[in-house]
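Following this line, the structures themselves.
The following pair of complexes shares a single chain, chain A, combined with chain B in the former and chain C in the latter.
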Partner chain A sequence: MDPQIELEYENVKDRADSKLVRFVGDLDATNVETVLEKICGLFNEGFLNIVADFTKLRYVNSTGLGILLHFSKAAKEKGGSFKISNVNENVYEIIEIIGASSLLQIYDDVDAAVASLK
Partner chain B sequence: MNSSLQIEVNPSDSVSGATIMRLMGALDSGSIGALEKSFERLTAENNPYVIVDMNAVSSCSSSALGQLMGGRTMLSEHGGTLVLAGMGFDLKTKLNLLGAHKIFTIYSDLRAALAAYHWHHEHKPEHIECSFPPQIRLTPPVRHFLGRIAKLKGFSDRDAFRIETIVDEVCNNAVEHGSNSADHAVDVAVSIGLQKIEITVTNINNPRNIEYFKSLSHNIFKSPPPSGSDLRGRGLSLVKMLADNVAFDFSDDGTTVHVTKKKREEP
Partner chain C sequence: MIRLEQKTSVMTDSTTPAAISLAFPGDLEYIPAVRKFIAEAVASFGFNPKFVYRCEVIVDELCNNAVTYGCVSVTAAVKLTCRLFRDRAELAISDEGGKKENIVKLEQALKDSDAADRRQAVDKKNLGMEIVRLLAEKVDLHIDETRGVTTVKVIKKCEETR
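This part shows the complex of A and B:
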């Protein structure tokens, strides 16, 4: 079965310690392990800050939300950050209902997320 | 002009209020008189829903199509509805070229036309059942399918997304904690009506997880969702918050989660 999610990577201008990751597809129980491996791989490569662009993330379930919280915590522990941008209304509702909106750093768009990097 | 057309008109055996007009043979200019008489009788009898079963129609001329349109108009002026069903590919293609699809509601078969009557006129829910082996990779197609059905049945995009989420979470829970034997399918039964959808998911229990299933009825539905960065344990709490009602039935053999979700009007 084809993976339901793809991650696209882009450098962040003037920020060698940061990476922009575009999530494309559905984040769910079938692919959290793969996403976990890839994002943790970025942290291990030395990227302290990850800016996630959710423009093309259609769906996230509770398991997917669990790893987003894990990324946030892992980044903080390394002195960095995991920031989310361009969240669609449906996905945002799931984040909000589960009480994670205060635990995640969510921005309107990529520019705002990048501008907030320390 | 002689016609080879035969017409049988009978009330539906299964759906009260629906009448089936079965046409057999060639629909041509010679059929017009017989068709007209049938429509006059159906109109006089105040039939609310007439399905013209075209399954045994070999051909249809433009003049005969015009007569069907006339029959539709006659019935609708008396509060009735006329739909077409069961056309073969060639006939459907030809009639669509003549513009039939712009005038008529056309169903693939009689069953679909009767189900539509249940839905539109009697406001009866439709039922869908599916089973799948307990593998996590199989829940996405199930949730996509039911989310799509919800949208087709008039639920908003947002509600369809919520329904997709509910199906996903309950099915994932069944797969993750239920029996993983390929013979022990996860059963999903859905009843979808105009105002609400009911989703029932049943799994065979994994004997090693009996305590987990027992705890569900006592704890999860009463407790708030986990906080912090715990990776698991939010699924059924999320379902509870998205749904209008969640009921839980546990036995030593199996577990059933029954979820009711009402249609919400979006601002």
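This part shows the complex of A and C:
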């Protein structure tokens, strides 16, 4: 079965504790386990700050939203952060409608998210 | 295997819908194909992209709920009917019912809720049916105990008439 989502990684300049992750495709119940494994793997490798670029994330459902909230909580518990950028209008509507926009750190673009890293 | 049971494309007025019926096994792996098929059908009838996306989300969440809670036997299937009118989509998703406690949870999830309930839904990760309730104009639950079938019927109206 087509996994429907790919994660692309890039280092963040001058931040050895941070990683930029580009989400490409659809995030749903069929691939959250894979994404969970990969992002938690980054946390365990010492990347405490994850900047997620959603430019090419077409779709997210409630299961995907649940995993994003989990990443945010897990990062905070480790003293880091999970920041989201470039969220398209449709995905943002799903985040907002459930009241999760206040629970997630959302930025207009990657530069703004990186600049906010402590 | 996804089985297309019926497809009609007659839509001459607001009371004569185009209809698609399909059935698929109670397995999450089938859902992406189902939701995209319905989204493409809705788009092909000229609805705007935002309406198409919302319909895709509703179908996804209802199918996820049906597979997760309403398919208890190995041969369980989910049946989906989509009827497209000029100003709205009517969706019906049926499963074999599942456990009584899950049906009670579904009934509670579909009741009107306020912001505090929504936060509770986030905390309890009961997000899917809350999203459906917030996106749709009407959501009804039908339980046929004699046949052991639970059906969720949804009406999603399009703000812009095509």
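The rule we apply is simple: the second predicted complex is superposed on the first by the 118 of 118 C-alpha atoms of A that agree within 3 Å, B and C clash if a C-alpha of one lies under 4 Å from a C-alpha of the other, contacts with A are read in each partner's own complex, and residues count from 1 in each chain.
By definition in this document, contacts are C-beta pairs under 8 Å (C-beta built on N, C-alpha and C of every residue); 3 or more make two chains touch, one makes a residue touch a chain.
In this text, all values refer to a predicted model and were calculated from it rather than measured experimentally.
For the composite obtained by overlaying on chain A, chain B and chain C cannot both be accommodated without a clash.
By the touch criterion defined above, A:16 lies against neither chain B nor chain C after alignment on the C-alpha atoms of chain A. Applying the stated contact rule after C-alpha superposition, one finds that A:98 touches each of chain B and chain C. In the superposition on chain A, contact of A:72 is made with chain B only, not with chain C. In the superposition on chain A, A:28 contacts both chain B and chain C.
When the two complexes are overlaid on their common chain A, residue A:90 makes contact with chain B and with chain C alike. Touched by chain B in one complex and by chain C in the other are residues 1, 4, 26, 28-30, 59, 61-63, 65-66, 69, 89-90, 94, 97-99, 103 of chain A. Chain B contributes residues 136-137, 139-140, 157-158, 161-162, 164-165, 168-169, 172, 176, 224-225, 227-232, 234-235, 237-238, 241-242 to its touches with chain A in the complex. Interface residues of chain C facing chain A in the complex, by the touch rule stated above, are 28-29, 31-32, 50, 53, 56-57, 60-61, 64, 115, 118-119, 121-122, 125, 127-128, 130-131, 134-135. Of all residues in chain A, only 1-2, 4, 26, 28-30, 59, 61-63, 65-66, 69, 89-90, 94, 97-100, 103 touch chain C in the complex they form.
Partner chain B is touched in their complex by these residues of chain A: 1, 4, 26, 28-30, 59, 61-63, 65-67, 69-70, 72-73, 89-90, 93-94, 97-99, 103.
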